[in-house]
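Have a look at the structure below before the remarks.
The first chain written gets the first letter, and so on, giving A, B, C and D; residue counts start at 1 in each chain.
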Amino acid sequence: MQDIAIARAVFRSRGLMIGLTLTLIFAGAALLSFAWTPFDVTKIDVASKLQPPSMLHWFGTDHFGRDIFSMIMVGARTSIAVALVAVGIGMGIGVPLGLTAAARRGSFLDEFIMRGNDLVFAFPSLLIAILITAIFGPSAVNAIIAIGIFNIPVFARVTRGAALSLWKLDYILAARVAGKGATRISAEHILPNVMNLLIVQGTIQFSMGILAEASLSYVGLGAQPPTPSWGRMLAESQTMISLAPHMAIFPGLAIVLTVLGLNLAGDGLRDLLDPKIRKAR
Amino acid sequence: MIRYTLKRLQSLIISLIVASIVIFAAIEIVPGDPASFMLGVNAQPDTVAALREQLGLDVPLYQRYLNWIGGMLTGDFGVSYTYRTPVSDIIGERLWISLPLALYALSLTVLVAFPVGILAASRRGSATDVTVMGATQLGVAIPNFWFAMLMVLVFAINLRWFSAGGFPGWDAGFWVALKALTLPAIALALPQASILARVMRSSLLDTLSEDYIRTCRAKGLTRKQALWRHALRNALIPVLTIVGLQFSFLLAGAIIIENVFFLPGLGRLVFQSISQRDLIVVESVVMMLVFAVIVVNFAVDLAYAWVDPRLRGRQ
Amino acid sequence: AGDVTVGLQLEPPHLDPTGAAAGAIDQVLYSNVFEGLTRFGPDGSVDPGLAESWEISEDGTEYTFHLHEGVTFHDGTDLTAEDVVFTLDRARAEESANAQKALFEGIESVEAVDSLTVKVTLSEPDGSFLFNMAWGDAVIVAPESIEDIKSNPIGTGAFKFSDWTQGDSIDLVKNPDYWGTPAALDTATFKFISDPSAAFAAVMAEDVDAFYSYPAPENLANFEADPRFRVLVGSTEGETILAMNNGAEPFNDPKVREAVAHAIDRSALIDGAMFGYGEPIGTHFAPHNPDYVDLTEQSNYDPERSKQLLEEAGYGDGFTTTLKLPPPSYARRGGEIIAAQLREVGIETEITNVEWAQWLENVFNGKDFGLTIVSHTEPMDIGIYARPDYYFQYDNPDFQQVIETLTATADPEGRSKLWQQAQQIIADDYVNGYLFQLPLMSVVKTGLEGIWADAPTQAVDLTAVHWAE
Amino acid sequence: MSLLDIRNLSLSIHGYPILRDVSLSIAPGEVMGVIGESGSGKSMTAFSVMQLLPDGARVSGEILLEDRNLLELNEPSLCRMRGRDIGMVFQEPMTALNPVKTIGDQVAETIRIHEPKTSRADALRRAQDALERCELPTDRFPLSRYPHELSGGQRQRVVIAMAIALQPKLLIADEPTTALDVTTQAQILTLLRRLVDEDGMGLMMITHDLAVVSDLADRITIMLNGEVVEAGDAKMLYRQMTHPYTKALFAASAHQPDRQEHLAEDTLLSVRNVVREYDTPRSGWFGKHGTFRAVKGVSFDLKRGESLGLVGESGCGKSTLTRAILGLEDVQAGEITLDDEPVFTHGNASRSVRRKMQVVFQDPYGSFNPRHKVGRLVTEPFHLLDNPPTGTARDAAIAEALTSVGLSPDDRNRYIHEFSGGQRQRIAIARALIIKPELIILDEAVSALDVSIRAQILDLLADLSAQFDLSYLFISHDLSVVRSITDRVLVMQAGEFVEQGETEQVFTTPQHPYTQKLLTAAPVLPAA
């Protein structure tokens, strides 16, 4: 019953539909690229460089004659992997921190966690990402760590905020009367009820992770060649923008559409999952 | 109010101290001996020793930290290892580009976002609202460096309205300098304005659904009057937080845009210094940017109190 | 009449050409602001400069220079023989910071004969003394302006220094009191743009009227097709090589090195990385040099042979190595292409993009690399192969012997033979992969005449630059 | 001639009918009480008059204010009418004022909106008059106060001052006292009555509590499901109710559950000199925090089988004491024992004691985790058992608990949002019953319910107490409820007990002035 209602709401919300479709397209392309791409993305064929889009090369070729469509497919893999793991790090560490802070609200630990969060927020994220990759060398792994670190306080804060309002509810009191401890309550009652919010936030952080990965790759600090990545494709296209505009346009569009898709999906999910908004309709 | 300010000030100072310790640790302790790190593995021992002395590495750790902090408090940031000039001079010079750029971009952001957000909120659900919000979704999704590239292609290369990059200096005249910052500021402002417009809209919608708006309407205020006289000021509270975050982002986050437009600003300075392993500069710039963020947050906190009287009274 | 803005990749650290090695200083100031007793012409010839004539003593150790009359420094003071004495004494002094002190080593004494005549005495004859005096490091400076020459350079040239916006540009203005043919331009601005895409945008937007040593070859076709621009392609001294770590497995095996050499398709590389600009080389020597031997056939593209060699060397299944790439696009792009070509014969590479500082630290000093790509821009530098501790660690006593003999040999014919012999040895040993000679590419606006195409020295001489009517 | 005349008003929102053929009229100087259960359309009627309906609302019929049909006015005319001709007061005083503007400005705004030529000073002076009429003297409540510096009752006065500043012909008050304490409620009601008398306004007084309007209203309209079911003169209506719903409403309001008296002498719960303090927030990182004493050394005994009431105004410490008894928080001094066993020892609550106690909370919506099914919700207290029943034993326990509160065993597979407020409260009781406790603490357990549902729950409680030999600690601010269900009562004020004794005795002959004040303030239904 409820599931059908939700499914209906999903279909009714145009933004969510568009968002999910775009996200699925790119996720699908990324998965498909493991098995098949129209061309081998590492194969260099200088003779057919800088070809405009054609029936053979749908998005044209780059300055090494590689097929841009294939590179975008494999690039999706890189972007999604980096952003996904970074979100995973943020959630994996941030959510427990937020739950703990909320469970021991007002305590020294809470204060400590929240001040620590503020502190991380005070550091300019892109700069620190550049610093990390500069000290430890540019690579996808370091990009993940750099992006992941800044996801931690975001999730900690969202979790704590939502958990705090849950802790005020009577059913938490009822669970305490039933003799359940803070950890058990956090796992059994708080976490499932903040999950909606975390999914929404996760989607948004995911899209921001994709942008961050693109930025880092653009300055050469992300995934290293020959692994294709959208940001580096843009960097490489820059001097050829008037020679072969397709080199700049397609990877750029890939980023825009993926981020757009995720954001639309995130917003749509929020509208769908947030009871306050749902009630107001 | 004074009490509130003092309390904020106290946490400002603590944040600064902790931040400085973290930065000091990350840059001076983590990579091992900074001097050998900066000079590379094959450096002559006497060169390393000389640099160690120049960097004041021959004293205990805490002493070094105190020296560093003390120096910064008196405006002495040390001497750059590559440029051999005082770091404060370099930063001062770069700041004259980064700061105006950040302020310019922030002004554009606010000037665009506020009207757009207010328009969308006051016509919630209308075609205008849907269009504007769709456009902001797009704005958020566009990587600013890509947008910058496209703008250079159109406005500098094809139309030749603007120069493609570089900064002639403020000596060249205010308008000339401002013109050189225009494309970068727009590139920076686009995603930020989109974000801010969305925040503005949703914050206004939240306040518009508050009970006191209903009270106002019952008093005989029109929808518009209620929005302008009552909702707007209350809606500003979350908006201010975002504006504060955005300013710090714009100050530090212009790294990539500075690269695209070839602006000799702070971001590029850090980028260069990192690749040249000029740790003294990196350390000082990072500290300065963090300082800026913390001070801006402080200012935002004070602005809260200005907007929201509930905070003034609280002890 | 007119103004010109010239784009350059690198910004000078300061403005004293006699005080640092940085080529960027000479690019901006040589011949424009500062002049020497002699000067280079666009083809590399040595012409009279501040000295309108000179006599050389019979034994070739005494040079008497006659200075032009009425030459003034930009601060209004006259150029006298005393200034020349000061300049040369300062350059060869013990505590001199001159980057090319070797140029002055042969000078025994310098004296002013009268206010416009200077006599230089050498310890022994030196056929290249006039050549040496044409270098940017030998320009004449005045004692009264030496104090802040680094920020306010005062010379005798056709242009006066006017302003430096650090991080952006340097402005020169025409010197109305110039002693020689006055500059055709009223002002000249050097704009520093290191990023290739920014350079492209600046040229296309006509922010600059010329870009000297343009960093992105892919745009040249664009510019050539555009009637607004002209492209000048000249020669440099840069041999671009795929350096191999001869001191470590597996590149200590000549068979492996030979295999690598045959795996590289130079024409695809030049086409892909340099968009067709650049002359293939088969050894470490500039092709425009008369002593150059074309050995490219010896390391022709032959992947089958390459695989066979690997088989023989015991690497039938291939191997994995590192490929470290410094920032210039010839290295970054060339690296990707070479990685793909090596993969064809079974050699896997892990590409690491490094900054120059890291390259110097890890590769050049630390010798921690398998492969790297770099352009050796010093003229006639094949001698580096005689240094076993040099980063690619080639250690061949025969070769070292050849270089030793070369230093001791004076007669041109004998030297020529030895140069050729040296080229052959390193080609036979496949020390490195020899890729191509780096070209000098400049873009100028149509109608702007007089920019040099080749680079006999690091200079953007604007004295003859003018706008066509 | 009537001031307001609503004729055949029908309203639908997004096609969903809300009001059907509502007709009512108010004469000048008359107080019209509009009564009905939650969701019956009272507020929508009021908003229809103000023409402040939500998006998607469609109205038909006529709303005549004097002679003008409000439904035919355009928006600018409506704006001129709102605030000048009709004033309105809302239920929730805490959020009805703009937090960032002073009360003076907010009251003056009513004046300046409608009389734009008035100078600010003039408007403020008139605002001051309005506030003084609403018993907010300027010397104690200067115009420069912000809303957060006032209590709920004071804020409600500001809202009223705003509404009457221009002496409108009609005032609509939508549950203006529901969120307030009984004593404050009484004051606000008196104030409203006085203003009506002074200005000759019409007042439309909306409430769900019959008793509230009993002294105030001249006429009464009773609504059910968007329809008017009965209307008429107040006194007449109380005497001769015609519609069955009205009768049911009256019966439920005055409902007395059937209870047998238990006269055990054995003490179950004993509270001795309990003190509970809270830390007030520190000022800054190093600042000292103060302490706030919420419960100031209270003592009482609860006998086995007894139903003990605890009354007091909001914030007097009732819930705090409850949490201490439940062993959820330690106390700073004193001792709490159940069956002679302390509930809290060495920083830990005793499981064996907790097994004998359960609780039912006020909010039927916030008491359950929305993600769990009823079966899982009601078995949560099994966590206290060392060997909780599993399999069929567990199923049987669930079935028994659900049946005993009047639900079906099959309901265990449903989610909580599928139940009404009253049903949810039954589930909460089932959850309390499932481990067969001896004491159930009911913290405002019926306060959020409509009267008819409340009556059912009270009956259920009386029933269960007899059936399972339960003791209750019944906490409420509603005196009539406490009176109907308890044997003994404790009266609490600011963390202390000011009076305790047999319920009837306390209610008929209160000793302490505070108790007396509470009792006089509490609205009572006239005997039918």
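Here is the rule we use: a residue touches a chain if its C-beta (ideal position, glycine included) is under 8 Å from a C-beta of that chain, and two chains touch if they have at least 3 such contacts.
Per UniProt, the chains are A, B = ABC transporter permease; D = ABC transporter ATP-binding protein.
None of these values were measured; they are calculated from a predicted model.
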item: Of A-D and A-C, pair with higher C-beta contact tally; value: A-C
item: Whole-Å gap separating chain C and chain D, where each centre is the average of the chain's CA atoms; value: 88
item: Interchain centroid distance [CA atoms averaged], chain A/chain C, Å; value: 47
item: CA centroid of chain A to CA centroid of chain D, Å; value: 46
item: Geometric centre distance via CA averages, chain B-chain A, whole Å; value: 23
item: Multi-partner residues of chain C (at least 2 other chains); value: 197, 204
item: Chain A residues counted as touching two or more neighbouring chains; value: 238, 241-242
item: Contacts with two or more other chains, residues of chain B listed in rising order; value: 14, 149, 157, 259, 275
item: Chain contact topology (line, ring, star, complete or other); value: other
item: Touching pairs - complete list by chain label; value: A-B, A-C, A-D, B-C, B-D
item: Residues of chain B touching chain D in the complex; value: 3, 6-7, 10-11, 14, 125, 210-212, 214-222, 225, 229-230, 233-234, 307-310, 313, 315
item: Chain B-facing residues of chain C, complex; value: 13, 163, 165-169, 191, 193-195, 197-198, 201-202, 204-207, 355-358, 360-362, 365-366
item: Sites on chain A touched by chain D in the complex; value: 2, 169-171, 173-180, 189, 192-193
item: Touching residues on chain B, where the partner in the complex is chain C; value: 40-42, 83, 93-94, 149, 152, 156-157, 160, 162-169, 171-172, 259-262, 264, 275-277
item: Complex contacts: residues of chain B adjacent to chain A; value: 14-15, 18-19, 22, 26, 30-31, 137-138, 140-143, 145-146, 149-150, 153, 157, 209, 245, 248-249, 251-253, 255-256, 259, 267, 270-271, 274-275, 282, 286, 289-290, 293-294, 297
